[in-house]
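We call the chains A, B, C and D, going by the order they appear; numbering starts again at 1 in every chain.
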Amino acid sequence: MQQLDQIFVTLKAWALGHVPEPLQVPASIVMSIAPIMLVFPGIFALTTVAERKLLGRIQNRLGPNRVGPFGFLQWAADGLKTITKEDVVPRNADKVVHFLAPVVLLVSALLAYSVIPFGRNMYAIDIDAGILFFFAVGAGTELAVFMAGWSSRNKYALLGAMRAIAQMISYELPLLLAALAVVMATGSLNPNDMVAAQEGGRGWGAIVPNWFVFTPWGFVGCILFLIAAAAESNRSPFDLPEAESEIIAGYFVEYSGMKFATFFLAEYLGLFVISSMCVVLFLGGWHAPFPFFWCDWIPSWAWFLSKLACIVLLYIWMRGTLPRLRIDQLMNFAWKFMLPMALINLVVVAVWKYTRPWDYFGAELVRWLLCVGLLALPYLLLGRNLLSNRKWGPRTYRYAS
Amino acid sequence: MTLETWLVFSAALFCVGLCGALIRRNAIIVLLSIELMLNAANLNFIIFWRYGVNADAASGVMMVIFSIGIAAAEAAVGLALVIAVYRHFKTVNLDRIDSMKG
Amino acid sequence: MDAPFLIAAVLTLLSAIAAISLRNVVHCALCLTLTFLGLATLYLQLGAQFVGLTQIVVNVGAVAIVIVFAILLTRSSDNPGESRFNKGAIWAGLICAAVFATLVVAINTSYVSMKSGAPAPPLTVEKIGHELMGRYVLPLEAIALLLTAALIGAVIIAMKESNEKGGGQ
Amino acid sequence: MSEATQTLWLIPTLPLLAAGALALKPRDNRGAAKALSIGSMALALLLSVRALLESLNLQGDHGVAREFFNFVWLSFGAGEAGVLKLGFVLDPLTAVMLVMVTFVGLLIFIFSVGYMERDANFKQFFCFLSLFAAAMLGLIVSNSLLLLFICWELVGVASYLLIGFWFHKPEAAAAAKKAFITTRIGDMGFLLGMVWLYAETGTLLFYDGGAGCLEQGAIAALVAKSAAGGIAVSTCIALLIFCGAAGKSGQLPLHVWLPDAMEGPTPVSALIHAATMVAAGVFLVARMFPVFAAVPPGAEGGAAALTIVTWVGATTAVFAALIAVAQNDIKRILAYSTVSQLGYMMLGIGVGGVAVGMFHLIMHAFFKALLFLGAGSVIHGCHEEQDIRRMGGIKDHMPWTFYTYAIGMLCLTGLPFLVGFVSKDEILVSALHGNTGSLVSLLPFLMGLFGAVLTSFYMFRQVFYAFFGTYRGEASQAPHESPKIMIVPLVALAAALVFFSLPKVDPWGWFSGFLEGGHQHEIPTGHIALVIFLSVVAFLVGASLAYRLYFKRGIGSADAPDALEERFPEAFATLAGRFHVDELYEASVIRANAWLARMADLLDRKVWNGITQFVTQVAVMFAWFARLFDEYVINQGFDFGCRRVNDGGRVATKPQSGAIQSYLRVIGISLAVGVLLLTWGCSGS
């Protein structure tokens, strides 16, 4: 089983052995990057088809069913089509920025993968401040969105870009704070340390894994993280920036052909990487869920990918189920619910850590009850506040006028 | 890599920022140039931490961390001021914003 | 002088010069972002990993966006027929050159540059955290206060007049 | 000194306090006004009666009983000569005046409560009345000419306020002014006489244990000196003081204010004309009688001052009576009657001494107050109608008023054996007795007799007009009897008069004995009988004439001409026009005054103005030079300095361009320079 688990690491070491000494560093870099750049676009291709099929199922229709068996080769057809399409650039567009925008988006999405541990000993770089790197790279996304929206010289594009930036900035705070809870719990910014901290299990026969999602704060943090991640990657129900029915696909309205495909790809890569981060932070990374023997037979990267697949399917499910939010609901939700909850979650983490040394009988139960109470009460209050029926005045449009 | 090279580089960056603050009409660009100068100063802190006599002390890094925080605050307030000025004067052209002239 | 430094330094300087000289203000802001990125790589080269990443998060993720927003809010003031440089631009350039020259002279004659200590040991995030919570806890609190004040102040300054019109988010 | 003398000052003080308290009360405080003023007056009456009894007690064998109480008012120098003393005196004159004034005054106060019931300024009226009473009482009790003068002027002020009480009527305001100014002319003489007296005697106290100005030493000193023209100083002073008395008492040249003063409320008329103010002049003459009567040793004939008083009095008596014949206003008739009776009083003092004049004064006060109050009642009952032609037949409507009025009228006309007959008779007797045989010296007596005829005539005329016949006013507004509070004073006064007229009482005998200290004039019985006969004849003549003219014939309508007017239209017009004295004054005094004013104006304009103009021109010239200096030296210099400072400021503001980048440039330069200096400094060391 060990061989299967470490097959990619072994392969890389073996391949490096055949490379001349001076080229070993660049070769190592290439060999770390290349699988990421191959595997995840592949997953993207599969996901597009899967999403369309699933949405079709949810909406009681068939979805793509012409290319390949049950339409499963649809991705190839789409890819070929976009590559061969004409690249239309508006005459007034800022050509350079217009070109750079999808590139920057793609690069920043890809860069984020470098700190994710996909399996035991499987990571591109191991830096101290991995989480910080992850978010720093994510900052490029907003810039890219702005570049796309601004350079198109299109009203809808700019509107969409502004919406997207406002939304991203708003949801970046709960996202960061939710991640910070894990940072506080593990005392490290390194994703590898976080994964390591979630090894093993608890309870009778260690049946409950030590994943952070199975703690009060972790559960709340995970939910917050998933919601914020959906907003960050402009997924439904937070897809206002590219609302087709309102602003005809938002900031990439003026993109066509391969550039449009690049945007599409970058968006999905962003979704994958942020879901991967969620797996790392809350779902035990590449660890197997149960201490059963057969679980060790399955390689760690397989566990990771299956967890990732679960989250992606969850997002697809959400997209098929939930309607789009209004912009004021979106903002209120971010600032009046997500942010306070995330901050309270940090306090709960502190309480959780502080009460760890308790070892009298029933201490664990008290600890749980305390933390659940500390989270449930604000949840009820904030939720009630958010749902309270308030009158909305006529809106004034400041940016679009 | 010597200390002088780094210092000359940061001095050059600083002077570019200074130049921008001196020659441009747009208040936002001036603010942007000031950011540049601040970053040049930050770079100097890091350089001296790295090549300094007492490298063990983390004071240079600390200073930069605080400096970045302050720079962020400065940018926010500065740009808010620019927006307020724009609302008042209907321009961000610094040559026209001279009502404090003697 | 090694290649990464050269590449990053040249990129940084060139983008900085572009940031202050381009006509299009949005381009200037984007070039500034590039400068920030270049500076971040230089910090990384200098071994200040945390600072470099913070630089990206704060300056690229926040300051650049704020600047862009400000540009868009003051967009209509652009006057295409007007020079982007002000009246004393030549004098200003000379002054900048003089400042640069004096700085270079000062650097080269300074005795500080004659000696150089040992390269600093790598600074872990943990150590920075301990320093921040230990020796530097007071400045940290002060910074927190400053940021809060700046946040409120910026909102108030920018919202002041829009309040009369009914206000927005 | 008796206690009554020591507390004499309380009598004027009580009404004064009432007046002061009323002045501070709220405007609509009628109860307090009534209670305070009437109460203070009643207390004053009680004190006065006590003083009279005290004075009677003191009456001894040696002449007139007199007590005085002096005090230092202010001191302006060293020793006895450097102090000014005021004082109070209690003698028979004071005592009878006090009782008369307080009694009549009290009744008038009570009458006023009813008469002024509807007036908005009720409280104010009583305040003024109290002030008037206080001043009058102060005048009576004072032992100093100065204090007397102060009160005299206060009386003037109070009468001004009261006559002009209905100041919203222009006539009332004018009458008040007229009264005040006319009496002021007389007061001028009074003041001069007082100052002269002080200069001669060094004191103004009447009685001061031998040092007073009315006592033997002072009188002797006064008669010993003679002023220009060989007239004794005493005579001059007496005549000057008589000016004041004539002004107050409405003697001939200065009588014009008195009829006009009828514009005031009727109780005021009663108070001023009957009891008090007009009596003040007579009282003054009586008080100063020793000065008037002083005769220089070796001079032949009587006292010159008294002779003038006699003539003035007699002339006034006839003159005013003539005017009264032709008046139609019920109050105006009474007013001229008063002037006429005052002439009698002066005549009495002039020929018969203090007792004769004062007796008529006191009696006149009673019946004239009764008449005025009766007239007030009539006016009140006839709805503020004052014209007798529009009355008539009201004796049936107002019986109480009529009968009391009749008693007063009969006293005034001198129905034999009523008290008015006695007092007038005494004056005529004295006048007849005083003649020296010549026709001229007999003239005052004859004038007095003629006046009596006229008095009888005009009073009967008035009564026939007003009370008999048929009512000639508007039929819808029949007259009505006045309220009880107005009737009671009438009845009281009438009762007093009837009491005095009882044969057993013999007021004259008692009065003359009391006032003169037992010293009686010896008058031949033949004179007395003649005068009584003539008086009765005079009364009958006047009454029968009036009866024939006004009662027998009856009066047709309100607008029908007077019976006399039909016969002697021109003479009647002259009389109705009051001998055109007012017009005469208008033509002479006022015209002269206006001419003088014009001359003064011319003097001002031409002479003084010229001088002032010259001085002004000089000043303007200096100012012009100063202006030149200011403008060309100081101003320009200052402007120059300012301009230089301004220029400096402009230069200094040049760098302050407002463009921040220019400041930034300076900072850049200084940075470069600073770094260079630092570098050189370091390398140099």
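Of note:
The working rule: contacts are C-beta pairs under 8 Å (C-beta built on N, C-alpha and C of every residue); 3 or more make two chains touch, one makes a residue touch a chain.
Just so we're clear, the structure is a prediction, and the values are computed from it rather than from any experiment.
Ranking A-C and C-D by contacting C-beta pairs places A-C first. Mean C-alpha positions place chain A and chain B at a centre distance of 34 Å. In this assembly, the C-alpha centroid of chain A lies 29 Å from the C-alpha centroid of chain C.
Per-chain CA centroids place chain C at a distance of 105 Å from chain D.
If you average the Cα atoms of chain B and of chain C, the two centres end up 5 Å apart. Residues of chain A found to touch two or more other chains are absent.
The set of chain B residues touching two or more other chains comprises 18, 22-23, 94-95. Shared interface positions of chain C, defined as residues touching 2 or more other chains, are 50, 54, 62, 69, 86, 88, 92, 95-96, 99, 103, 162. The touch graph of the protein chains shown belongs to none of the named shapes. Taken pair by pair, the chains that touch are A-C, B-C, B-D, C-D. Chain B meets chain D in the complex at residues 18, 21-23, 30, 94-95, 97-102.
Against chain C, in their complex, chain A makes its touches with residues 94, 97, 127-129, 132-133, 135-140, 142-143, 146-147, 150, 158, 162, 165, 169, 172, 187-189, 328, 331, 393, 395-399.
Across the interface of their complex, chain D is touched by residues 86, 88, 91-92, 95-96, 98-99, 101-103, 105-106, 109-111 of chain C. Those residues of chain C whose C-beta lies close enough to touch chain B in the complex are 1-2, 5, 9, 12-13, 16-17, 19-21, 25, 28-29, 32, 35-36, 39, 42-43, 46-48, 50-51, 54-55, 58-59, 62-63, 66-67, 69-71, 73-74, 77, 79, 82-89, 92-93, 95-97, 99-100, 103-104, 107-108, 112-113, 115-121, 123, 127-128, 131-132, 136, 139-140, 143, 146-147, 149-151, 153-155, 157-158, 160-162. Per the touch definition, chain C reaches chain A in the complex via residues 24, 26-27, 30, 33, 40, 49-50, 53-54, 56-57, 60-62, 64-65, 68-69, 72, 124-126, 162, 165-169.
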